[in-house]
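Okay, so chain A shows up in both of these, paired with chain B first and chain C after.
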Partner chain A sequence: MIELIVFATLTLLGYVFGRIAERKHFASIRSRESTLKDILIFNERTLPPGEWRRTQLVGGNVVISVDYFKRLAAGLRALFGGRVTAYESLLERGRREALLRMKEEAQRLGAAMVINVRLETASISKGAGDQIGSIEVYAYGTALGR
Partner chain B sequence: MLISNIEVIPGRRISRHLGLVQGNTVRAKHVGKDILAGFKNIFGGELKAYTDLLGEAREEAVARMIEHARSIGANAVINVRFSTSSVTAGAAELFAYGTAVVLEDELP
Partner chain C sequence: MSYENPAQREDINVSAEHPLKEFVSLLLALVLIAVTAITVLTLSAQWLAQFVPFSMETRLVDTIGSPFEYDGEWSEEDEARQTYLRELAERLSPHLELPDDMVLTLHYDPGSTVNAYASLGGHLVLYGGLLDKVTSENALAMVVAHEIAHIKLRHPIVASSRGLTVALAVTALLGFTDNSLATQLVNQISLASSLSYSRAQERAADDWAAKAVLAEYGHLDGADQLFEALRSDSAFAEALNQFQGTHPAIDERIETVRARARSLGVQGTVTPLPWTHAAPPDD
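Our next item is the complex of A and B:
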């Protein structure tokens, strides 16, 4: 009985706070994306025409976790198959956040663009019992400055 | 030491290729931080402690790669790639590798 109460509380907490946190995060991502839109990012490896004096490797990483409710929802989804929307939004948040951090580093260096951008995603708690659901995203590229 | 993940460095040319250099590090999580991360697993969101941990570990891997490159006489590492793998539960390996080269200033 107590277990059931704990489970229900965790699910509810996860649902409520997870939603609030996700909405806030997306709002913050959108506003920072619009302030950093002047820094262009490409995944091409060739240099764009122009005189580039400075090149430097920049990167940004983030470790992000799903909430209890979404983990449960994804677990249920795994029974029937299909789109796991709970994890889709997690990965989207992670990737956009990592790219933003990379852009912020590029901005600090006064770079105009970042080329050859690569994204790497790793599940960092794989094998740790039921702790699935936290991922690390690392975005890196070469910042170019005049 | 110039680190880049492209092969062509503006204004410079490669005079010698010295082959692959690499650096790695395996990091485990701190128990206290792990407990805090456990709470975060309920509410969701960023696990700041892990972000910092992996960020530091990646810098360490890059530092080792640079050390390796320096020891064979390179002045730049180009075409750098990163890779992460979880070795056991609670530990991750961060690996950085690239091509060590000697760069020269291009003649005008």
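Our next item is the complex of A and C:
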């Protein structure tokens, strides 16, 4: 019985705080994306036409924890199959946040564009049994400055 | 070639559906599957239980010990009552056509509880509280035969199988190694009066009991006296209300016995109990 109460509490906490965190995060992502929209990013490897004087590696990295509710929802989904929407939004946040941090770095260097952008995703504490995992997303690319 | 980064649509990677909606529908589906699975398992276990040899049931009970033995103060009167009850059970059992390998053990418990129950391994327990309510041997025979009928029909093992299956399935499903659940599991086989039988099982036991009482005494007069006494006992009636789900309503049981007696059209004298020697009240 105690286990059941703990379990229900964790799920409720996960849902409430996870939902608040996700909403806030998306709002912050949207506003920062619009502020940084002048720094263009592409995954092309070749230099676009123009006079480029500086190139430099820039990167942004983010780690986000899975909350208890998401983990449970994904676990349920694993029984039936289909889109794991709980993790889809988590990874979307990770990718966009990592790209934003990379852009912030590029902006700090006065770059106008980042090319050859790559994304790496890793799951932290993968295979560590019952642990609530975290995801890491790393975005990196070549910043170009005039 | 122009280079630009237009704003992306938000709904491509993130589902607009509320996360709780998905969660609840999946959870309901899972609960439905679990309930179906447990029901099927329980029904199969209940059905299979009747094929468990009685000797195996007895061995199972013997490994647990003897929870039916009364270990409190024991007077000579209690001893006399137990002997009398055992003789009564012995006289009634042939009419119930018990299988050869079925051995009954009747225990008398001087406690004031108004109850009697049949449990695993052919054990019957009758409480002093119940005996105090009974005014004739015929009424007592009805109770004893009813409990023997439960054993004859293998109701205790069927009920235990049901309880055990549910407990096991829930434990397996929730993955709990919780102590309280483990205790409940043990309680399921601790055989106490908690074994509950279905209405149909109670009716079947009543049927056999009436048959046995009729065969023994030649009539059914006085057989409903205990039900009558219990109906007018407020405390018991209250307790009985909680059992309404499984026990056929007491009015119904009285009516069934009376209807049977009426259809027989046989009248007879009621046998008094050895310790009262008083004529039972006429109703």
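Brief remarks on what is shown
Basically, the second predicted complex is superposed on the first by the 144 of 146 C-alpha atoms of A that agree within 3 Å, B and C clash if a C-alpha of one lies under 4 Å from a C-alpha of the other, contacts with A are read in each partner's own complex, and residues count from 1 in each chain.
Keep in mind that, in the parts below, contacts are C-beta pairs under 8 Å (C-beta built on N, C-alpha and C of every residue); 3 or more make two chains touch, one makes a residue touch a chain.
These numbers were taken from a predicted model, which means no experiment stands behind them.
Looking at the superposition, the partner that touches the larger set of chain A residues, chain B or chain C, turns out to be B. Once the two complexes are laid over each other on the shared chain, residue contacts for A:10 go to chain B alone; chain C is not touched. Contacts of A:73 after superposition on the shared chain: chain C is touched, whereas chain B is not.
In the superposition on chain A, no chain A position is in contact with chain B in one complex as well as with chain C in the other.
Per the touch definition, chain A reaches chain B in the complex via residues 10, 13-14, 17-18, 21-22, 25, 45-47, 51-53, 55-57, 59, 61-68, 70-71, 90, 97, 115-116, 118, 120, 122-129, 131, 133-134, 136, 138, 140-142, 144.
Chain A makes touch with chain C in their complex at residues 1-4, 15, 19, 33-34, 37, 40-42, 48-49, 69, 72-73, 76-77, 79-80, 83, 85-86, 88-89, 91-92, 113.
Against chain A, in their complex, chain B makes its touches with residues 2-11, 37-38, 40-48, 50-51, 54-55, 58, 80-86, 88-90, 92. The residues of chain C lying in touch with chain A in their complex are 1, 3-5, 7, 13-15, 17, 19-20, 22-23, 26-27, 29-30, 174, 176, 178, 180.
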